[in-house]
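Two complexes are shown next, each including subunit A; its partner changes from subunit B in the first to subunit C in the second.
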Partner chain A sequence: MTQKTKTTLLMTRRQALIAGSAAALAAPLYARSSFAQSNVINVGVIQPLSGANAQFGINSRNGIQLVADEINANGGIAALGGAQINLVISDATSNPTQAATVAQRMMSQDNVVAVLGAFASSLTLAISEVTERRRVPLLTMSFADQVTGRGFRNIFQVVSKASALGGATVTHTRDLARANGTEISRIAIMYEDTAYGTAQANGLRNSAAANGIEVVMDEAYPLGITDVSPLINQLRRTEAQVVFPVSYLNDSLLIIRNMRQQGITTPTVGGAAGYIIPDFRNGLGDLSENVLSISPAAYDQAPDYTDRFRDRFGYFMVHEAQEHAACMGVLASALEIAGEANPQAIREVLASTTFDQGWATVMSGGRIAFDETGLNIHAVPMMVQWRGDELVTVAPSEYAKAEAVWNA
Partner chain B sequence: MQLLFTLLQTLLDGIMLGGVYAVLAVGLSLVFGVMHIVNFAHAEFMMIGMFIGWLCWHYLGLDPMLGAFVALVVTFFFGMLVQRFLIRPILGAPQVAQIFLTVGLLFALENAALMIMGAEFRSVTTPYQTQSVILFASGPERLLVGMDKLYAFLMALASGAAVWLFLNKTRFGTAMRATSQDPMAAKLMGVNTNLMYAVAFGLGVGVTAFGGSVVLPYITASPAIGTSFAVLMFTVVVLGGLGSVTGAIIGGIAVGLIQSFSALVLPIQLQNLALFAVFILTLALRPEGLVARRRS
Partner chain C sequence: MTRSHPLARLLLVATIAALAVVPLFLDPFGYALRILCLMLLFGALGQAWNIVGGLANQISLGHAAYFGIGAYSSTILFGSFGLTPILGAVVGAVLASIFALLLSIPTLRLKGHYFALATLAAGEMARIVANSWTSVTGGPVGISVPFRPEAGPWALQFETALPNYYLFFAAFLIVTLIFWRVKTSAFGYRLRAIKENEIAAEVVGVDTYRVKLQASVLSAALTAVLGTLYAQFQFFFDPDTIFGVATISVKMALIAILGGVGTIFGPWVGALVIIPLEELANSWLGNSLAGLSQFTYGVLLIVVILLNPRGLISLAETLRDRLSRRNGQ
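Here is the complex of A and B:
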């Protein structure tokens, strides 16, 4: 009896010793994870907050901030003991090299569980090189096909790919025109020569070919173009029935104004980005009326959610804010399911779950699930049209909130 | 027939565009001519001019063509302050110091604009933005010029002429040219060279700000807009010959024409390739610029 007690005691001492030294060795790790679990979860946000794309970056940050604040106000992540979301926000500028540097710094200093960003495809591609290497999930709403086309395991694209968006632009436009008695056979494409513009123009081109539509003008132009008259002069010489410009804001204003100046009234179908933000309306006034555009998500599909954005920031929830909010919503759900603030655990949950709760439902398609490449299989491109100060979904028909106006 | 119209239209577009480049670059040329300082921050004053023009339009309902005068005056005084406190101390300093200062100023101004104005793109809406004058029409072919471009061009021309008259026909202008040619001799003749430098810098950035406001109807203002024009401005002044007003105007029109004509034969993406090819050739064959700088 005595003997046995002694042995037990001895063993306990030895165990204690082992446990103690293990604890000492693991102390830094332990301290770090307990910090992450009991207090805050760091989520990286990399957006272009300065430079040419700053406005889009700020919209995106607002969307993420809104969701994070809502989660924190409702008691944080329950599965992690009410841990609060702490957004680590960094400026990617509008330059891919800088974006990669910022991502690198975030990985090594801030211990983030995931990264959300970075609006422009060229920035996202640069950041993804870093996050893939560090095995940290990157959730994005950038369109370019390469985003999920490179076999990366840690990237998740909540929107349709640019080629799909381009394809849907052509087919929806053809259907809208047909419904109004016009058969489209000749189109013009002009696009900015960035990752986004090139990929989307490719989609437009392929879809036109598949539908037997002739592309009578196909012109790329450099980012930051200041004079579009050569483009519009060229457009004037073609007999295009529809023009598809793919661009960010400044070029979109230039293109529309220059067309009107030259008396060209060809229907215009924009390629998202610059065509569906309040600044487009502010810059063009009545000229924006009835301009169509493709959009990877539309705020009128989920007014219960998007009105909260409008209430807080004073303008409608632009698509980049909405999609980034969906990214944040998905990440929060993934944290709840994973139950640990571990990037790889989160990655596994993201790759295997259908998200149909909360902010994940604001994406077109109403829910989000990623395929093996990381692409959201439920995303549906929407066609929206300007009506006064608002955008209205006009296609596909099952999502449409109003009849399209076709003024050819 | 169609080819002829295309060529004429391209010529017209090039001249309209070039006139504006010219007025933007006149200021840069003036600063270099008088103070022998390469002001890398110069394009930022164009951005400031655009914002002043926009603010005048937004809050006072002033057309950007009139707002341009407000931009000129405000930026003139702001430029004098910058000259007094930042540029004057480095006037005789090594070139590296001058580069550091003006490049630093570039970043400071851009980020200050970002803090004050935010990142939004600011665009004005005027009735003439979507109007154009049809100069000649025959069948489906039309030769036309946009009203916004035409107004900007005329304003640019007028301001270029005003600067030229000021420098060549006034006593103050003569004193300024004297300072540029030989500061020591000018000082001995009783010219207040410090005042000359301050006015030259103020006027230089003021004229560029003026140019910024007149292009507002067709270019959107944002804190980063200067970067798009910086290289263009330098190309214009180097093509024309650094330090001369006529040179900047000829250089400006040349750049406008090269850009618009290259878009006819080359993809528009290569617009600036054609421009820089001509630029490099000019530097190699005629380093003093198309119009040699007047030295006496």
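Here is the complex of A and C:
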């Protein structure tokens, strides 16, 4: 009898646990009862808010949030009777399948008029397959050539393509060296063996070949490497004139620290990502001084706008935040012009207008217009250099805010 | 299935009928339909894994290799030569079978965790090849299934996800049927003999190596076909996802194990629980506390495993036993 009672009790506890979990999961379905008021425009924001790219995803979200809040504080979208922008923000994780599912969810449940996202190219490409079929515009700052290379009508890329960025990395570097009286003929590339690292390295390699520059070191290393000294020793032996490391944050810290400790002053040009965020400076201190990097946009080009980001979030406006802010700015302008919250009407405006007002001006090139593939024809890749806690544009010359320092 | 309770049989028929009818009432572009599609796909994947992982207890953590081979074969052949993915799926299945054969020659002699580790490495190897062989696979950026709506059903291109749903549904039923046939055949008994005690199986005359090889090839071919269907549904994939350890390999095993390893309806239950769970966790917590959604998902999985180490399907067995006991009294 006691045995029996015990079993019953146990079952009850199990059932309670299961029921509790089910209830906890179901709760948000009720809480979700969405913004039913008509004077709200839902805009989808899909970013990698967890996982390896979380920091970049959060920066991106902050940029978009800043612009949306400014618009709402200034009376919303005037052409739509002061409609407020409501951001529907979701986590894409690091998984393209999940990203596409999230996009589907936003379109069928939240009726978003456009989607902004999603930092990593693989996520953006997966989302675009969904938005294209549902004819909802997708505005992105992902670099991959594929983004606007598939003949899609509803995708808009505000930054230069990866191939253009790779090319500019090499040509800007060559020009900076030339201005310093050095002709570049030997370069080193080291990259993490992830999708991002491999793709960037490929761009560098192609553009070196196109410019008749020899790649004397071309080394992949595993993500999460703990000892970079063999790499640095190899770099020393090759006597490369400039080194292009491609990595996220942790590896970049190790590489630069190890190089400088070994007294190697070879000029270093990073491939965006880990090289142009405040954590790079925080992790390296003075060793970060004069490290160069390519960047699809630079905050010192539009300080009036980017300082608002700094005031609110406490760090300089990193490029992904800036580009996503530009996406939101363009979308707001398009809504004003279209005068209706209809995805296809917005798409037509995006495809046919030059945007040179408000946040659209923060992109390199100062304005945004999309060609028939959806690529921003005014985007210019920038070369930036660390000076103390700040990044300064040093190339191309018409945008430069300071002279580049060649030898670190 | 042989000694199934009439209630269980009724439940089975009702489930299949519901799966056949429900999507007709859903938004054909919608979110709910997509979740159902993913449930059927992963249910079928769990079932394909179950043939070798469940029946023979060969815990493979490299099934993503076959899945990716299927997806890449059909997508490359369609993109470069305009070959319909229907034939592409066949090519993918053949290639995956060959890969399974080649892989099995050294690995099937391994036992337990060594086998699991070797298959894990094989899946990773496939990922690295796809990442590096840019001229064929498109490299790390990934590959898109060309969007050619005019090509129509022959190219498995559909306006809505509804036809995709029925493809997944058919695949799900077919893989389940194959699993059932295998399980109830002499072949299935040999596999289970291997699971119980490999040496004893050899002693009584089972050619264990050959049996395991056959099961691996069958499982690989089915997984590859599902890979093609996934590619035609998702339209874009990259090496890190399609050959992913967490996204595919472990998930396949997890669905079978969580539901009830080696049972016919285990993968059904596993997919029914895991896919919506993952989705709810994301839609609920994906905005405010992003990392927490994955965490919650993980915690719930642990809870389920702790409560039911034999898989969720064992709940049904307990229920059945209790019902029959009551009937008997």
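Quick notes
Just so we're on the same page, the second predicted complex is superposed on the first by the 336 of 408 C-alpha atoms of A that agree within 3 Å, B and C clash if a C-alpha of one lies under 4 Å from a C-alpha of the other, contacts with A are read in each partner's own complex, and residues count from 1 in each chain.
The rule is simple: a contact is a pair of C-beta atoms (placed from the backbone, for glycine too) under 8 Å apart; a residue touches a chain by one contact, two chains touch by 3 or more.
Remember, predicted model here, so these are calculated numbers, not experimental data.
Using the contact criterion defined above for the overlaid structures, shared-chain residue A:50 touches subunit B and also reaches subunit C. In the superposition on chain A, A:264 contacts neither subunit B nor subunit C. By the touch criterion defined above, A:405 lies against neither subunit B nor subunit C after alignment on the C-alpha atoms of chain A.
Of the two partner chains placed by the overlay, only subunit C lies in contact with A:105; subunit B stays clear of it. Once the two complexes are laid over each other on the shared chain, residue contacts for A:351 go to neither subunit B nor subunit C.
Of the two partner chains placed by superposition, subunit B and subunit C are both touched by A:193. Measured by the number of subunit A residues touched, the leading partner among subunit B and subunit C is C.
In the superposition on chain A, contact of A:337 is made with neither subunit B nor subunit C. Residues 49-51, 54, 57, 193 of subunit A lie at the contact with subunit B in one complex and at the contact with subunit C in the other.
Across the complex, subunit A meets subunit C through its residues 14, 17-18, 21, 25-28, 32, 49-51, 54, 57, 89-91, 93, 95-98, 100-102, 104-105, 107-109, 121-122, 125-126, 128-129, 132-134, 144-146, 150-152, 193-196, 198-199, 202. Touching subunit B in their complex are the following residues of subunit A: 49-52, 54-55, 57-58, 94, 193, 219-222, 224-227, 229-231, 233, 237, 249-250, 253-254, 257-258, 260-263, 279, 282-285, 287.
If you check the complex, the residues on subunit C that touch subunit A are 27, 29-32, 34-35, 38, 128, 131-132, 134, 138-142, 144, 146-147, 234-241, 244, 247, 277, 279-287, 290-291, 293-294, 300, 303, 307.
Of all residues in subunit B, those touching subunit A in their complex are 2, 6, 9-10, 13, 17, 110-111, 114, 118-121, 123, 125, 129-132, 144, 146-149, 218-220, 222-224, 227-229, 259-260, 263-264, 267-269, 271-272.
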